[in-house]
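Only one structure is covered here, and it is reproduced in the block below.
Naming follows writing order (A, B, C, D and E), and every chain is counted from residue 1.
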Amino acid sequence: MNTILIQILGALATILLAFIVGMFYGGAHRKVIARIQNRVGPPIYQNFIDVLKLYSKETSINHGVMQHMGPVFAITASITSLMFVPILTDGNWFSNLNFSGDLVFLVYMMVFGSLGMALGAGQTGNPNSAIGVTRGLSQMVGYEIPFVMAMVALMTQFHTTSITGMIAVQQQSGTWLMFSNPFAFMAAIMAMLGMFSYAPFDIVTAPAEVSSGPISEFGGKYLGMMMTSGSIFAFVKLALFVDIFMGGASNLVVLVIKTFALYMIPVLYGVISPRYRTEQAITYFWKWPLFFGFIAILYAAF
Amino acid sequence: MGTTYSKEEILAQQLQTAFEHLITEVVRKDTVFAFATKEQVSSILLYAKEKLGYISFVHLSCVDWLESGEFELVYIIWSPETKINLFVKTRLDRENPSMENTDMIWRQINTYQREIREMFGVEFPGFVGEKEFILEDWEDAPPMRRDFDTLEYVNDTFFEREGREDKQDVRERIAKRSGEEIPDFAKKYSRE
Amino acid sequence: MREKSTTLYLGPQHPGITGNMMVKLQLEGDTIVKATTHVGYLHRAFEKLIERRNWMQSTTILCRFCVPEPDPPEAAFALAVEQIEGREVPERGKYLRSLVLELARIQSFMLWYAGQNGSAGLYTVGQWSVGDRNYVLDLFEELTGGRIYHMYIWPGGVRRDIPEGFEDKVLHTMDYIEKRIDDYDRMMFDSAIFQKRAQGVGIISKEKAMEWGVVGAPLRGCGIGHDVRKDNPYDAYDKLDFQMGIFDGGDVWARAKVRQFEIRQSISMVRQIIQNLPKGDYLNKMPNPMKWTIPAGSAYGKVESVRGEFGFHVVSDGSDKPRRVHARGPAYAHGISLLEDILVGENLADVSFIMNSLGVCPPEIER
Amino acid sequence: MNSLILLLILMFGGALFAFILNKFVPALRDIFVVLLMLGVSYLFFSTGISNRLNFDVLGIHMQWGFTSASYLFGIIVVVLGSLALIYSTAYMKGKDRLGYFYMNFLFSIGAMLGILMSRDLISLFFFWEIMTWSSYFIVIYSGNDVDRRGLKYMIFSAIGAYSMLMAIVIVNSFIGSFLLEDVFASIFAIGSGYQIAIAILLMIGFGVKSAMMPLHVWAPRAYSESPMSYTAVFSGALSKMGVFGFALVLFNLVSTQNWLINEVVAWLAAITSVLATFYAVIQSDAKKLLAYSSIAQIGYIIIGLASNTYLGVMAGLFLAVLHAVFKSTLFMAVGAVERQVGTTDMTKISGLIRRMPWTFVATLISIIALAGLPPLGGFVGKWMLYEALITSGHYYLVIMVFLSSTAAFLYSYRILFGMFLGQEEPEFAHVKEAPLSMLIPMLILSGISVLSGSHPGFILEPIQSAMASFGFQSNLPHESWWELTVLFNTWGDKVALVNVLTSIVGVFLIALAFITIKGYKNQRYVTTKDISSSGEIIQPEDNMTFQIDFYKPFERAIWPLLKRKIDDYYTDFGKGLEALFDFVRRFYNGNGQFYAIYVMAFLALLLIAGTKYFGF
Amino acid sequence: MYNDKNAQTIVDYIQNFTRKNSLFMLAYGTGCGAIELPATLTSRYDAERLGVRGAATPRQADLLLITGYLSTKTLKRVIRVYEQMQDPKYVIGFGSCTINGGMYWDSYNTIKLLDKYIPVDVYINGCMPRPESVISGFQELKRLIAAGKADGAKKYKENLEWYRENQKKVLKNWPLVEYNW
């Protein structure tokens, strides 16, 4: 009984941590962009206010039960993936279900949310949503391939498919995997640009084109839940990359420093880039990232 | 033949030789008027476009001459060589006005004709174009006609905020409310 | 019966539309098979209102014809009225008009930077350029008293002379802006993504351009050199040294290059005007403005606005009120019919991009 | 009487009786076929795998009986057949020529059971032909042979049959027996070149039925044109006969030295799955989409089998079972939509979710299983497949599989959106939910998909015994099927399915409760006509559902791959063939002596070739 | 204090605090005032530091800015958009022409008095208002929200018939879906 209680408490603590860190990163994103654009920018806690406000909206409208459940799918995927990603390399807290699943599972779990979300967006009957979804799914096929190539390269190189195994490899050898297999790192980072959907890959919610795309019918608590899910998910992705490529983090400060450094890559790349068209984005992922992934597997296997 | 003609006069002569009974007038530099009948317009436009190099269509405008019971259509075309604005003017009867469709000469006339049909009620037989252009669900008379009284329509349809009157000088009231003096330079422009 | 292809309303409430208008798109996939423009959301019946105002009162309405660049309509109307009346403009008035028109051009180009890049998702350039545009607006504010609507150009000259020390401020601002637009260009024109998106998109052929009455930067982007400032010089433009930017291709990229070239030309023109500003009167004063009548006649006054030729057909019946004023905005032709034509076959992602590059401005279409 | 014979007699006799019954008492026909199938199922499950029947026909020794491998496929056939027949009673209601239909339906199920129970090549071939013909008759059931879709199926089946026959002849000439046991025992004694030739010929035969690229071109039309109740069996069970054959060939006829065959087959299957997935993505008809998807899924199965590792084979067989489950559910659901709405063209239908909620639920579950998302069964199969490929060093193969299954998300969403989501149009307001006898099979099969996600043991146990017959020893420690919830790969990495399920379901329920309770009073449902269409008012003629060319950008990105369909090559080949025949026809000038010379020359050629290669 | 019905509880206070500091503004330039919005949102004035940010569709938005005159054609869309927004929602009338018609007082196609058609919380006068006054308008709205007085949406719900009557007087053809929060 006690262990279950501790498990649940640990899970809650993890979720809270991910939420807070993700929200602050969102605020930092807006702040950094504002500073680059010669502005003061909103306060760094602005995203908390936004989310709280969205939850406190009085009315909420849905077009059916799938739309009602769309954000739930999204947050389920975020939190479940969070449970399977090691947050810290040692310590009993935050080690929720790290040993119950491996990278292959996580790769699938991470697309679960966007597909559920797509179902919700589909039911609204808004053509903008449907177009946004098709763009998002098409782009996903683009970036998942180099990402998986990088992962397969690492798996074959170190003969493990679990994230904890990869952390262990890095702790034993003392080198981060981004140096052990730099090509895999290149491919994965390029894929990460797509995963974060900041410019130039913000084609899903491109406001000038599809008027915020899949979320165009979501407001109030639905949008709030999606923002929550989004910030948790951002943290999951960053933590995953830190675990795999940067040797994990032994305590929270290191974790924040590493994830923030990683987070700045898509943010800063996004500030200076216009948006791709969908097919251009796909072909972008199928050029250099694919090449790097190919080399990475060769490098790992031979 | 000692006199040299200006380019405007040459154009006027060219037009007059091509079309009988066409009255032309050189108004000022770069501007020539041609007063045509309803039937002549399209052939003048075509002639100017094909033969005289007036390849650029500039404007089609409609003027309501309520007093004489006529609409005046003004086609303005322009040539990159002579750089003259040629006005081809024609008058239509105000009762059941209709004019030949000319949007095959320049396709942009299409837009103008849509507007004139909606705003003046001038019909262009054979012209394909969506009926509603700028207005929506308009049931009154074509609004740009001079006998359509917009103020009356406004008073019938819309609400007015109380206290709004025409030509009212609110400066004194503002000054009283804010406790400031009206500055001297402002007094100078006062209507009273 | 329902349409087979998907209907997508782009506008009026849409972040991607330029102003308050609507393009109804029929989509197959994300390819447009049919586009219908709907305007009239901004119809204020300006031309009707001008018939009810006297000549001087019309000035307040004129500047509202086109919001991003309020000065060209004033200048075109003033030119038409001067033609009918035969009123001469003093030399200094002409130069000041050109100064205001060029400054308006510069601020409008900076707004275009924001629109063009914003529709492509590059918001940073837009933030910079709209922020820097405030410096030009500050100049306007000092010169005319208004940030956006100036009502500065009157028939017969300009409303007031430049304040003291204004020349230096203008030159200083021009130096700053010239420095900044290099930054914008580095981020925009040097970006491989922008090049990929802009090249070969929204192509207007030369024949189509003449047929549909395309003017301004889109026309010069097709390789046809037409600029009212060169062809029918008005104000001080016959004394200024400048070039038209003519680029081939007719796509978004060519139009962007035209504007990139012309904003620099404008800056150089502003400098020339400030250097050569003649002394003397700035306004050929009219009699009591409230009782001012114009002899009967009609004229077409046109100027080169940022997006092309802006013209006013003005008819006077000899009374103190205009008989008819009919505006022809640059976007009138290519903003409605041509847009419907060239959008067919394009990608949904490029609609807003193309509209921004054409400079579609609904308020001047429907007035 | 031996229960095997009883099984076949019941099947084939019942089929004929159903045909006769339909002539006289059509009312009893439906009940009869369902009862017959249930009876056969009972008989099948009571038969077991130890039963063997030996007999001689024309001096050829034959043997019938189930092995644990064929029993696994038999379960698929029997369960799917029963459910599809129950479904069929409602689906086919009101159609004509039902006696013909049910007769061929039962014939093909019987033939499949016959294939599975035959332990010799002759009866295998015999039943294989019965299966081909009966399925061909159903393919052309719905009318005349429009577009020659049936003909295409028949031509490819004939090619397959001839190559099988050739292989059988070669085998017999070397071994002198048709019994599979003898063949398996002595195949490695003959030359390795012949081994490869036999394997390839047999695989061509099996590849046609399992629709492997490049032999797949018949499948999309045949799958989509037959009645959906049969397509459920066609794609679910009949194509598995090809998989069964592949398993026989790969594990028993190919020696481990010929690993290249495995590689080639795996790569062919991978290319099959990628290209078929891409084709599925660009389809706009639900039936065709599913047909291409079937081709792609069978690609995974064969990759798993060809990987020749314990986990891979298990993944292949697991996916085979699961594919039968979810794909037949999907075909049934599409059939339900077709019956209730009248079309399956996804550019025409939209927004059926409120009209057919249970069909939607069944489709949703099957689609999640198909896409391989946790926590449903598809994920288990996909996970095992990936792990098997990664741990056995098939790096690039795994990328192909991943590309295919990521692109599968696209069509998964497409089919859900196309039929059930989007605008609810007034023209579909009258549509009602499918009848219960159609829903129940779908929901039962969906239940299997759900259960197999967290407790796959009940499928993995028969698979393990089947694999034992192929020579793979079990390495999954467990006590009962209920406890087999943690999967391992050879490197020791694992996935704990129950933890996954708990986490997903737990979080989902909590979040759902939260979002439902929060502001419940002010929560409103609005119709899909009330959407933010940029402030404009939707007109009745506006089609606000995004339907045509759904994945146009993706299509543009993969355009170089799809520019030329394989179908076109065959068309060109066909044209070339016509030209050849034209040329050949000149020889047939009507002169009898010439014919005699041709026949003589041909026989001489055959004799020379036969002595050289086959040793007659 | 406890008996004062207008007193805010702590929950109200937090709600109002978040609402006033996070205003999602609908991207709808209804009139020429929209030209000052880019300036307001960009570097010199930067309304985002006050929590104002754009929203693409009415479902996500809290704040509707009527930037200037409304032609009758636009009014129909504005009502549609306003009704699609979710409570609590606020309207700012922007420019003189929303207050009393402004310079378009005799135009047959623009409405003169916005608050007869939809409830307006704050008016900003001027033609056109400078970015500074736009920001002061935001601040005024924030003050109202904090005091719990920005209840235009509630008024609209309560007096729906009155508003509908006024709206139908101007809009002849009324194909709108009925109000549904």
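Keep in mind that, in the parts below, contacts are C-beta pairs under 8 Å (C-beta built on N, C-alpha and C of every residue); 3 or more make two chains touch, one makes a residue touch a chain.
Note that the coordinates shown come from a computational prediction; the quantities given were computed from them, not determined experimentally.
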item: Any chain that touches subunit E and subunit B; value: C
item: Fewest touching-chain hops separating subunit C from subunit D; value: 1
item: Chain nearest the overall Cα centroid; value: A
item: Chain pair, most C-beta pairs within the contact cut-off; value: A-D
item: Maximum centroid distance from subunit D, chain identifier (CA atoms); value: B
item: Between subunit D and subunit B, distance of the C-alpha-averaged centres to the nearest whole Å; value: 72
item: Chain centre separation in whole Å, for subunit E relative to subunit A (CA means); value: 36
item: Rounded Å distance, subunit D centre to subunit E centre (Cα mean); value: 59
item: Numbers and ranges of subunit E residues touching at least 2 other chains; value: 27-28, 42-43, 54, 56-59, 73, 76-77, 81, 87, 106-109, 180-181
item: Junction residues of subunit C, two or more chains touched; value: 6-7, 12-15, 27, 30, 40, 43, 45, 48-49, 52, 127-128, 131
item: Numbers and ranges of subunit D residues touching at least 2 other chains; value: 522, 524, 526-527, 529-530, 532-536, 544-546, 550-553
item: Every chain pair meeting the contact rule; value: A-C, A-D, A-E, B-C, B-E, C-D, C-E, D-E
item: For the subunit A and subunit C complex, residues of the former touching the latter; value: 33, 36-39, 127-128, 131, 134-135, 199-200, 202-203, 206-212, 271-278, 280
item: Subunit D-touching residues of subunit E, taken from the complex the two chains share; value: 28, 57-59, 76-78, 80-81, 84, 87, 175-177, 180-181
item: Residue ranges of subunit A touching subunit D (in the complex, touch as defined); value: 55, 57-64, 66, 68-69, 71-73, 75-76, 79-80, 83-84, 97, 99-102, 104-105, 108-109, 111-112, 115, 118-119, 122-127, 130-131, 133-135, 137-138, 140-142, 144-145, 148-149, 152-153, 155-156, 159-162, 165, 211, 216-217, 220-222, 225, 277-279, 282-283, 286, 293, 297, 300-301
item: Interfacial residue positions of subunit D with respect to subunit E in the complex; value: 522, 524, 526-527, 529-530, 532, 535-537
item: Contact set on subunit A toward subunit E in their complex; value: 30, 34, 37-43, 46, 49-50, 52-53, 56-61, 128, 207, 211-212, 215-220, 223
